[in-house]
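In what follows, chain A forms one complex with chain B and a second complex with chain C.
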Partner chain A sequence: MFCCLRLVVVTIATVLVAGCGIKPKGKTDKPLVNNKPVNYELIGGFRGYLVTNQVIKDRVIQEGIPFELAGYFELKENQEENIFSDITPNLRSLLGINEGNGVNSGYKNNQPNSINMLLWYIALSGLATDMADTCDDHSNLFNQKTDDILAKLCTWPEAESKSDKTLQELWQLLMDYDATNEEFLVWRAYVQSDEFSKNTKKEAILNMVVSILYNPYFLLK
Partner chain B sequence: MLEHGSTKALACLFIISLAISLSSCGKKKRNHNPPGNFALTGSPETYEKLQWVAKVGRVLRNGRELSDTQVDQLSLLSKDQVIDDLMKDALFGDTVVEFNLSYLGFKSDYLLYPGQSLLSRFFSKVEFPSAISSASEIMKNGDYFKIFNLKQPMYATPLVLNAFFEEEDAGKTTEELLIEAYNQFIFTADELVKVLDDSPSPDSFCESFSALVYRTSLFYAFGIEFRSGLGQSDHWFGDLTRYCQDFPYANPLPDFRPRLKTIKENLEVLYQYLRTMLPKNYIVKSLTDLRKYDNKILKMELEGRMLTAVGFWRNLPNSSTNYNRKRAAYVLKRFFCDDLTPINVALPAGHSGDQHASDPGCQACHYKLDPMAGFFRNLGRSGVNYESQEGISFDDDVNVDRKEYIRAWRNEGNTARPWNIGYIRSISDDSLNNYSANLANPELQDLFDIIKQAPEAKKCLVKNMFKYFVGETFTLDAGYLDHLTSEFEKKAKENSAVAFKETVKSLLTSNTFNIKDPKSGECYDYRPGVDPDGLPPCKVSFVLNKNCSSCHKGAGAQGGLDLSSWTEIDSVNNKFGFPHKVDGNQLSGSETFKRIVDRLTTDDLRLRMPLDIHIEAGEREQLYLWSLEMIEEY
Partner chain C sequence: MINQEISRRDFLKCSSASTLSYLAAPYVFSDVSHAKDQEPHFVLQVVFPGGMDTHYLFDARPLEMTKEKLIQNYIGEEPNMWIGRNGQSTLATKLTNPLKPYKNYFSVINGVVMEPTFDGHEQNMSFWYTGNPFGGEFYLPYLNSSNLPLDYVELGKGKVFVLMSNTSKGVPLSNKSVAGLIEKMKMVPKLGPKNQLFSYLSQRMSTISKTGTGGFSGGAWAMHDALKAVPDLASRIERMELERIQEEQTKHSITLMSQLFKTGIAKSASLVFDTDLSDDINLDTHSGEDAKGLPEDLTKLMGEVATVFKSLKDTAYDEKRSMLDVTTVLVTTEFARTMRQNGTEFDDCGTDHNPLTNTVLIGGKGIKGGMVVGSSDYESTKAEISAAHKSFDPYLLKIMGKPFDFDAMKSRTDLPKTYNPKDYLTASCVINTVYKMFGVSSKHYRLIERNGAVARTLDGILV
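Right after this comes the complex of A and B.
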């Protein structure tokens, strides 16, 4: 399962990097900006593990509850194997990290690659699963605002769970002001599509949440 | 998450691909029209302001988000007001500490991992009083330039328990343990006085004395060790210890009662001080809440918990062969933004026979590295000053004769300036260099003064601010940097903390900060009044204008090379470059850039550019590195 998923993500991440103007340096067709050749590199890179974790805490987690996205790398109960369990403490450093010993310092591992995109997926879908699970079992992990929105999503496939209003609330909760209006409209159209309506309740919530959090506007600086 | 079963796996695959197809190109401009109109909060304009407020909030609050209500309220204010408001919050102090650490090259997320409080990370790896004191100064509009000065007061942290000797103490609070430690000390000291009153024999005294010393072990829970270090100190048990160690008590027992009285008084002072440091009395919400270590207590020679510059020395050790070059490289890199890129130096005729390698290849770095290292010459292992001693001991455990060692920096035969120690900009023109005001004996403090005065250091600081507050990867137009720096310098003459805040304000209201889909290599802010159209790429255009254009501009440009404009030089391949005509023919881009690299790096003074004019090392480096990049392009 993990191997399979890994392959899938490697492929997809390659597509992600190649398909979006995020080209590796080299003698590719250089576009001109102001009549000057520019290199398209990914500006900014990941916000980094620490910032992303703090952002999630500030937006959805109940105050005072200890929370680490990296917790989702750890072995869950009745899960048999976890290739990452031995190296969990180091994994978050693959998601963008500041290091400095005076002479060498800087922001490392901040460019997306197949491995860290998989790690982000594991962490974010772990969080999304916990959100979807609140439909059955209330948990005290999330703050009131998040619980209120989740309660509406839990009525899936009722109209309220995918109304413009609910979707905007969910978007604003998770994305805050990080993205553009266009980005929201594309996402809303996706969630309101016929294709999406085939999801079960849990799948629907999981997919809604992950597709917001896996967005570059959320993950990148 | 990720249960077994292939249907789930397929579902996952579907989600990921959807999520990616949806989002991966989000940062690129969309070609298609979005379905529908503006659907988020407010109008597009108000939304943009909200976006800006939320982002600025995160930047100035050290990563913490503003609540929705706060964002709404702040968005009604002007941008300047928003920034002013947020800068009043203690979280801004933490932001400045973080910036300082990044500027000093010691920002490390590893230290922020869970379980590590803000404080313990300072203990565990980096202890930088200058990062903290200069940030505190920002909050009270004081002297931010303390950041340039490694020598800062020590900071004390709240009293925390670090070890227990007795299992039964494990459940006690810090306060209970402190009271108990105090009571036991006083009780045993009184016992000792009683012994002296009743039957003053060396045996009975020394027996009770060792009981007292043993009882003080409770203080070890606070990192205070009376038994070893303080056992020798005359504030505490020094003479008593020495007497009792001198078995079989050759001397008659002195009347130690007055000494016990002063020891008790000292303990009282210490106890009252430690009470103020209890976690309930000393709450550190922000690093700028940290208190300076009380001088009175410091004199008592306690070890205890404090923040000192130890992290600096530990991270930048000196060895018997290194001659402080690591520390010098650090200073050049951090405070002068000089990465020591090896560009040949032109040695003036007759320059040779230096103690250090006179090979131009080595001199490229060592001409400035070694004189900088000299400021540290008397500091040995862990930064200890050996100036008053015969020998000097290094971090690699080697001891050498100090006088012999520091001869490496002697400027033999020059009585006016007996040391080759300073901030060196030029080998050929000594008037450009900065030396200590005290030529006879340059000290580390003089280096801090030089940094404070040097324009390169201000520019470097502002450059670091741009990187931290706007973004690492944006290209910074050197003209814009120059503009920001001169504004900063003007204000810093009045007040460096205000200058810092105003510069942050300029950065957060800049175009670059607000740009939605930035492209690498492009600049979004220029010096006021500059139209970038037709100018060379922003990365270098200002530097070329400053150093080259006086001779390389327009029709009569020297060598046929016009370094002031940027035009299409190859319409077939759509390539842009400098107009560069030799015998009426435009040279190819790669040829032009090869010639530029040659002229920047040659050690022949007749050919080296800019001809007979000084150029800042950083600017030569910038042109050189960029030209190498451009040779690749063509």
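Right after this comes the complex of A and C.
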């Protein structure tokens, strides 16, 4: 008797709770575009480690300086000991690589998942940290154009560091024409917000750089 | 803008629901606490690519067949009887000795028919992974019903080439790389939901995903979806404890897998050995030279399987249970091999591919250990061979799985005239059995053939 009552109460409550979600007509859990759910069978992949590394190299790294984004996976204090000598290639392969032979060859590990998103964050925040560190200690890693922009950013929180002009230059340097102008305007508003102004100098530069590079327009094909 | 006007009907529905939810709370919450106590259950598949010769292991043949030049055997010793707790038996060679201490941890499934109309490596490996010789959806992601950060992890140095469409949450990891990652995580600025940068990135990915309906939008949504799991994944990785190692071995893969399972990062793993045309071991023994190396190579590999069971048994899941108590283990290869080769000297011959049979070892959680299930034909020089077998193998170079009685869990003795997959124990039956254990929706169950019935499960091996 008690079990029946329990079953009835739970069932009715479940049905009603499920039915009372006030959703607009046609709403689904997936985002809608022109009232149609996006077809996520089509999941675009990352452009991959090699391309992304080359793009960053071309845009910010001084010519002739060896640079591997995956170097940020290494533990600096252990690099000489070479304890984790296979970390870099192993983790790098999770960011999108060409693999296989013949009909089985293909572009592997390029679809976003939580591991590769974490790895991209580690690599990109490593680069951003190196950029922020130039405020205290000049590095010969970056090209002149990058150094010039970083010099302006290093004046944070002075007006020049967050001026439209400086932010446009940083965006152009890192993103080039990969994203829409609307995306730039949203990013600029984020950097110029009151909330963002609470960042320290290093946090500000790190967040500016990561928020550009960790964007789908930069990472995806 | 979304129209969120609340009608009188919605109001009444929600008020009633709230009241009844309150009344139901003690019952519902008691179910929740029950769910929390739900038994942990993981899966490890161990794969030996190349096509392992099952005649050298748990589906051996008497030496009289070698003397009659029917089946090549470079061990040169009579195999022994491997008797199952269910009263069924098979012949096993001495190469299986490393597994004897673990005999009751697993059951032997013989006579597993793969994809009989294709004898390629890729097609049969695809058949195991996806149920389709041309690829499709991998079975392991279906086991991740609790939406853990990763569907599965790939361990080991081996590779399989299977076209699979649902692998976005499956990643290859090694003990070394994760050990390094754990250290690195401690030095990276935290990224979490309360973090301003995280909120901005999440919002941008979500917005960009709605700018179109193509792959780019889908990718942005996948980034958004994955980003949500990053803070949780990062904290789980930081909680892991891995030793720094120089040389990656099987026991290290099991340690890594156990940590990934225990920290709730994944519940499935695929450990693939480098056994297909590798420098050390080549199971694709077309040449006599490679085939002659099998006694030594397979002793090593059975030692690796023994290490898997031992490591799982020796690794604690909690105070009461070992990892073996909570993990189902499957050991397989893409197909067995022919008994000999046509056109080469018998005393110097290798073997070709044989998808008409295979052996799968299955053990651990949910499985009755120590059993022998299924068998294959051509078990002696006098064996009668069915017309169904001959239709695939007119020169009688292969052995084939026997028809199977799924209710009695025994091989049948009849000799079918034609091949009908519903009469046979196939790879699909094994996978459906795993699905059943994990409560996977029946809509994902594999069919015996295109537009055919659902492949039967091996209920008799389930605890």
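One rule holds in what follows: the second predicted complex is superposed on the first by the 168 of 221 C-alpha atoms of A that agree within 3 Å, B and C clash if a C-alpha of one lies under 4 Å from a C-alpha of the other, contacts with A are read in each partner's own complex, and residues count from 1 in each chain.
Here is the rule we use: a residue touches a chain if its C-beta (ideal position, glycine included) is under 8 Å from a C-beta of that chain, and two chains touch if they have at least 3 such contacts.
Since the structure is predicted, the reported quantities are computational estimates derived from the model, not experimental observations.
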Practice task
Examine A:74 and indicate which partner it touches, taking first as chain B and second as chain C; both and neither are also allowed.
Solution key: second
Practice task
Could you tell me if A:121 is touching chain B, chain C, both of them or neither one (first, second, both, neither)?
Solution key: both
Practice task
Examine A:186 and indicate which partner it touches, taking first as chain B and second as chain C; both and neither are also allowed.
Solution key: both
Exercise for the section: Considering only the touch criterion stated at the top, classify A:55 as touching first (chain B), second (chain C), both, or neither. Expected result: first
Practice task
With the two complexes superposed on chain A, say which partner A:177 touches: chain B (first), chain C (second), both, or neither.
Solution key: first
Exercise for the section: Check whether A:91 is in contact with chain B, with chain C, with both or with neither, and answer first, second, both or neither. Expected result: second
Exercise for the section: Scan A:142 for contacts with chain B and chain C and give back first, second, both or neither. Expected result: neither
Practice task
Would you check which partner chain A:109 touches, where first means chain B only, second means chain C only, and both and neither mean what they say?
Solution key: second
Handout entry: Intersection of chain A interface sets (partners chain B, chain C)
Key = 9, 12, 16, 19-20, 27, 30, 32-34, 36, 38-41, 43-45, 93, 99-101, 103-104, 106, 121-122, 125-126, 129, 183, 186-187, 190, 203, 206-207, 210-211, 214-217, 220-221
Handout entry: chain C to chain A touching residues, read off their complex
Key = 2-4, 6, 10, 13-14, 16-17, 20-21, 23-24, 27-28, 122, 149-150, 159, 161, 163, 167-174, 176-177, 179-181, 183-185, 187-189, 191, 196-197, 200-201, 204-223, 225-227, 229-230, 233-234, 237, 244
Completion exercise
chain B partner, complex, touching residues on chain A are 1-2, 4-5, 8-9, 12, 15-16, 19-21, 27, 30, 32-41, 43-45, 48-51, 54-55, 58-59, 66, 68, 72, 76, 79, 93, 97-107, 121-122, 125-126, 129, 164, 168, 171-172, 176-190, 203, 206-207, 210-211, 214-217, 220-221
Handout entry: Complex contact set, residues of chain B against chain A
Key = 1-2, 4, 9, 11-13, 15-20, 22-28, 30, 34-36, 38-41, 44, 47, 50-51, 53-55, 58, 63-65, 71, 101-102, 104-110, 112, 114, 312, 315-316, 326, 329-330, 333-334, 471-474, 516, 518-522, 532-534, 537-538, 566, 568, 574-576, 632-633
Handout entry: Contacting residues of chain A [partner chain C, same complex]
Key = 6, 9-10, 12-14, 16-17, 19-20, 22, 24, 27, 30-34, 36, 38-46, 73-75, 78, 83-84, 86-87, 90-91, 93-94, 99-101, 103-104, 106, 109, 111-118, 121-122, 125-126, 129, 183, 186-187, 190, 195-196, 199, 203, 206-207, 210-211, 214-217, 219-221
